[in-house]
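Chain IDs A, B, C and D follow the sequence of writing; residue 1 opens each chain.
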């Protein structure tokens, strides 16, 4: 049979109609061209936890064609206050498989690929290859360095979120292979005992949830062309759910540095290469200190 | 002497009596640099001296802390050599790693 | 049997542990006292749509003891890009019942009460009575006036969200029966043809979603005592997912007026009373113009 | 003459060539009030005169539009009588009703 002349089915027009009628300011795509870009997009979400849960649901709802999920962890009752893509019946199920079930229930048009494995220097290239965008929804600094390094080598943009307690941060790394990478911002890793590097810290569910949803907004903006090489300005957003001194919630957007000429990863003469990463000669464990972050108060 | 607002965000307030925002007057003749402000913070604002390494390492802001001058990355403003102006907002925020 | 000396079960300690260890600045409750406040709280969510979907999930996850849901609409495929508490298998199911299923799957400790009815001047008092807090997640101005009016008469605080396109707003109304009400802000309703009153306008799912999650944050803050009669300052938050001129997303917090002495509803000599609302003499339909908002571009 | 920044938010930009932020100089002797700014906006900034009722009703800002002076509700600042200062940010935002 010849391919259908209509690129979207009637079901898809019905499903996405309310977002397709949003009129975007130039040069952002809207309507059918934007929906087709979403449909052909391949987005990899690393971590199906507090950030990944809402990000996955909203990207699936929006009609992203292919969603990859990397997570080797299993659903635990203690996750459910914030990891709202899972549920109590799925305790002990792999998070990536639980997330896949929820996505398929919400939008069966999405092609979901699961990677029930821990991301490492030896599997990252193979997993990342072919994706248009990566969402870093992980919770340890060593993985953040690894994701940024591999994305730089493959030329993939990363939407990076994080949070603890009532605060959260958002930035875009390696935008179109010209924006700054994680090492441009943080050439030296934080000491493992430092205050906010505590992966076991407490967290208010919707505070990390706000950031997960904002990551979905940034991903959609990236796919529909809101950011261009010409207009992109490196930024870091800091969200605070309980800013204390004022009513409401606060969000600050900081103007950040551009690519650093002496960056170990994204500069013209990088000491970090695909070969050095894959061979294991960049020791992420050692570099970021022990993985025991329980020392935090 | 220069009057600035100093903010400790992303959990850094724990070593500053849990106060996120401080009005600071650095009692020193102009120009007052960001390095001078760091010295003032170490000497006068960190409640427990054991906490100094949480904020400072090798005479500068500890790796993993982002420093902002009026909401702009200090790398764009001269870092330690930046000369403070009255009314400046200097923010320090830990990077967060949870997800 | 005598009541258990321990107010939370082992399952609840496990489930809520990661939020209970978040240390809140004084005077906000944290730990066990905060969790018990959440457990005994009764929150009514009006509208299980784009705002209500994430608000309901995060409040259920956090352990709010009783959640009421008012919605007489049914799930439609065109909702699913943003109404992520529902799914494709629940098309044509009542939204309040679909939301109840998702909540029970996420956290069976929550008592869910559903009201599959359109909120009207004649049933609002009966529905609202006994709730500690109301979330206005509705999508027509006439309902916003009705909710505010009835909440003022019953002394209930309202967290009010709204959004269209890529923007959204958040405020707290009638805080502790001393903050401004909707009529203090908007004594005269907007003409039905005005730009942003279009209930049929397009919307980007995660942009309205961010606001729904922020409503959950405000609800939790209200329950755990972040706001007091002494520190509360009326505010309006304006969120923009595609602010255009800058990278990232923007959130502005505006300082708003206090209660208005001449307010028709919350002043000392109000023309709007429980009796005038219930009798139908306040004509919300007429007051806000026709319910046909399709006139917008 | 006074130089201010004027913002049209919450969808109001549709009647201002879809530009949200405008730098405006009101060419008039001091004091320039907010009422004067409204007159200036009507006369000089609304692209299509048929759109004036979207913004103005009964000689003031239309009901349902929130007016802010430097991020503060104009009700706290004197409304139409407020006297503009150089550098003020005047924001108008429609209330949104979707949910």
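Brief remarks follow.
Simple rule for what comes next: a residue touches a chain if its C-beta (ideal position, glycine included) is under 8 Å from a C-beta of that chain, and two chains touch if they have at least 3 such contacts.
By chain, UniProt protein names: B, D = Ubiquitin-related modifier 1.
No experiment lies behind these values; they were computed from the predicted model shown.
Put simply, the C-alpha centre of chain B and that of chain D have 38 angstrom between them.
Mean C-alpha position of chain C lies 30 Å from that of chain D. Rounded to whole angstrom units, the spacing between the C-alpha centres of chain A and chain D is 39. Contact with two or more other chains is made by residues 25, 165, 201, 203, 244, 253 of chain C. Chain contacts in this assembly form an open path, with each chain touching only its neighbours along a single line.
By the definition given earlier, chain contacts exist for A-B, A-C, C-D. Interface residues of chain B facing chain A in the complex, by the touch rule stated above, are 9-12, 14-15, 20-21, 53-54, 57, 62-66, 68, 71-73, 75-76, 91, 93-99. Those residues of chain C that touch chain A in the shared complex are 11, 14-25, 28, 54, 57-58, 61-63, 77-78, 80-82, 84, 86-89, 102, 105-108, 165-166, 170, 172, 201-207, 209-210, 213-214, 216-218, 220-221, 226-227, 232-235, 237, 239, 241-242, 244, 246-251, 253.
Note for the complex: chain A touches chain B at residues 47, 49-52, 136-141, 144, 161-165, 167-169, 185-191, 194-199, 201, 203, 208, 236, 238, 240, 243-245, 252-257, 297.
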